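Structure record follows, encoded as structure tokens.
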Amino acid sequence: MSTPAILDRKDFDSLLGALRDRGHEVIGPRVRDGAIVYDTVDTAADLPEGWTDEHEGGHYRLKPRTDKALFGYVVGPTSWKKFLFPPQQTVFRATRVDGQLRFEPGVVDDHPRAFLGVRSCELHALAIQDKVFMAGPYADTTYQQRRESVFIIAVNCVEAGATCFCVSMDTGPAVGAGHDLALTEVINAREHYFLVEAGSNRGAELLAAVPHRGATEQEINAARGGVAQAAESMGRKLETEDIRALLLGNLDHPHWDEVADRCLSCANCTLVCPTCFCSSVEDSTSLDGGEAEHTRHWDSCFNQDFSYIAGGSVRASTASRYRQWLTHKLATWYDQFDSSGCVGCGSCITWCPVGIDITAEVAAIRASDQRRGDR
Amino acid sequence: MSAPASQPLDPMIPRQFRIEEAFAEVGSGEVYSWRLSPLDGEPLRFAPGQFNMLYQFGIGEVPISISGDAEAAGLVHTLRAVGGVTKAMQKLEAGEVIGVRGPFGTAWPVAEAEGQDLVLVAGGIGLAPLRPAVYCALRHRDRFNRVFLLYGTRQPEDILFREELEHWRAQLDLDVYVTVDRGGPGWHGNVGVVTKLIARGGFDPANTVAMACGPEVMMRFAVMALQKHGVAAERIYVSMERNMKCAIGYCGHCQYGPHFICKDGPVFRFDTLQPIFDVREL
Amino acid sequence: MDMLAAIKAEPFFEGIPEKELALLADCGEAGTFPTGAWLLRQHAPAKHFYLLTGGLVELKAFVPQRGVVTLETLGVHEPLGWSWLVPPYQWHYDARTLEPTTALVFDAVRLRHEMEADHEFGFQLQRRVIDIMAQRLQAIRMQSLDVYGLPGGAFL
């Protein structure tokens, strides 16, 4: 890690300018439709200055802050995955020519992007999706193309949301790896600045191109203190000890049915989850029948069709689908990708319309562990 | 034939194959087979037990096991008209072009049975994915001791590859036993479940490799019968089925506990599935 | 043919003590039946217990309007019927050989008598018949699921 530097709030636009100069489309947080979402950002004025977000199970509200922090919120309903793994994309177009088929791969929109405001949990989610899409026997080349041109400016969390539990998942709140630059926002009555640390050569080069100065020890401490405070104020906690064996040993636990009584099978949790990666495909033809399109779109294990094989769905009950989601995320993910599939961002709790809480459901199973003999 | 279109190396993009021959296997074509040849001339090499994603223009893609001989020219698939895509494909005729991606998945470990008895247990349409293993065993017959094909299906009219079964039994050194759930006039063979054929034995359980393919319930009973007869779980292989979209491990559909059927399967050694095999709706 | 050796070769009798095996040998003889032989006839007294050692036998029921329906076929190592052990000791179905068939044929009347006289012997035999009955019941349940009628099987 490089020597920490200070970027003043007034110079923030020069950071965005330097990114644009390097050909990046800057994507960052913006207020829209009563939420903080990620979209194209032109100047600092587009950022959610003075806004924060209030989280609870099934509850999300934007609230004005008493200060003018740019990154004074936690996480919104959209994660970065939609830019690397678009909700819908064309896999191929097929045309019929002289009794043959011509297959044309879909165009991949892989122009250079800069992600501004990536939280530590989200960085971990990116690393997890990298593994899913690029580390298997076959890589998803469309993801790979988009991913390779991304520049990442991470932001350390200095406040935790009420549904956050990154400390439990060991994924935050401090930014660890995978970023080009990491910012920590410090704001008080007298000053407003960002502690900037480069995580890559590209990051250091970018920093060199914007006005900055060396950080004093006091400034560094102020930034680190904020992050420590966030770690202390996690809204939720998930006990991960032995979690894989706990869940896989309780596949017949009655609690799955109990959750199913509340679960609407709406798939919100999988849509907001920054690591959920399932997709389906759909086929369509042009009106004259000459061209067909094979499109891929986000799918969810909560959809009944998801497990359909001739004759019926394998997972017909809501209980089995909730169990699939939760045990995949927290247990079988270890078998498949050597890590948890949960980064503790809390989005699934916040955006569940009935407030189903992954941390509470695991705790309920742990409290009445039905494994025989081994506990 | 015009010059073949060059095919991208992307595993999500199909290659073109022409249906050289399309024929009914059962009844009026509820189960049918295709013999396919690649337009680009490059043969599709596969191992017994693997599958391809077959694409019909504008209709969609389906995962279908390869049912032909891995060591012969040509690609053979056997399909059952049961879903939207396979019903549409049933109407395709010789000469038409489809898309093929593959081959994908794990194979029947036929070589593992060398020097031992090989017991193939098929149920219903599950004989199709096992047929390449039969071909393989017959081509290298001297490498195995006894080779059994135990096949159960619903009724005599549904028996798949009937002439071939008779040929194998009569001409070749293969113990073929067929049983049906319901007999009928003119049927003089076995009536009863396929597990009974396992109980009749004839193979040395300690030196047997068994492979089962069919509906999940049938495989469950077959595995129980094999185990009861003394064949260890580490010597039993089964082929699993789940919904599948990408076939290369990232659409998430084919998950079965910790496994992705498309890349960790479809053929699994039974002991690796044992902890989850009886879990409902997994 | 050495009856005792033939009995010992059958998995059905595995684990039965030597003394009882000798008794069984004394109650039975080897039988050979050509194709088309009737081994059991519906409602006839169940006077014999057949344990098949080769060939194939079909168990048949007559269903009005449908004719004769094959319920099941039985082959090597399989006992043919259990009505000899259950009152009123009458066969419920017909059984006919589909191919030349061999069997160990036991005198059921005498077996019943010996089983009554020596409950240990009776238990040994009865629990084996119960095992067979359980297997047949499981098989019938599996057939009633009609698994091949539903779509299933790998990828098809």
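Some notes on this structure:
The first chain written gets the first letter, and so on, giving A, B and C; residue counts start at 1 in each chain.
Criterion: a contact is a pair of C-beta atoms (placed from the backbone, for glycine too) under 8 Å apart; a residue touches a chain by one contact, two chains touch by 3 or more.
It should be emphasised that the depicted structure is a prediction, and the values quoted were computed from it without experimental measurement.
The central chain of the assembly on a C-alpha centroid basis is B. Distances between chain centres, each the mean of the C-alpha atoms, put C farthest from subunit A. Once the centre of each chain is set as its mean CA position, subunit A and subunit B turn out to be 40 Å apart. With each centre defined as the average position of its C-alpha atoms, the distance from subunit A to subunit C rounds to 65 Å.
Subunit B and subunit C have Cα centroids separated by 34 Å. Shown for subunit B are the residues in touch with two or more other chains, namely 80, 82-83, 86, 241. Shared contact sites, meaning residues of subunit A that touch two or more other chains, fall at 309-311. Under the contact definition stated at the top, the residues of subunit C that touch 2 or more other chains are 150-152, 156. Remark: subunit B residues 31, 51, 62-65, 78-80, 82-83, 86, 123-126, 128-129, 152-154, 158, 179, 181-185, 187-193, 195-196, 199-201, 213-218, 221, 239-241, 266 touch subunit C in the complex. Looking at the complex, you find that subunit C touches subunit B at residues 56, 58, 67, 69-78, 98, 135, 138-139, 142-143, 145-156. Contact residues of subunit A toward subunit B in the complex are 91-92, 94, 96, 98-103, 105, 132-133, 136-138, 140-141, 248, 251-252, 277-281, 283-285, 289, 292, 294, 296, 299, 301, 306-311, 314-317, 319-320, 324, 328, 332, 335-336.
Per the touch definition, subunit B reaches subunit A in the complex via residues 2, 5, 7-8, 10-14, 16, 39, 55, 57-61, 80, 82-83, 86, 95-99, 241-243, 245-246, 248-253, 255, 257-258, 260, 263, 275-276, 279-282.
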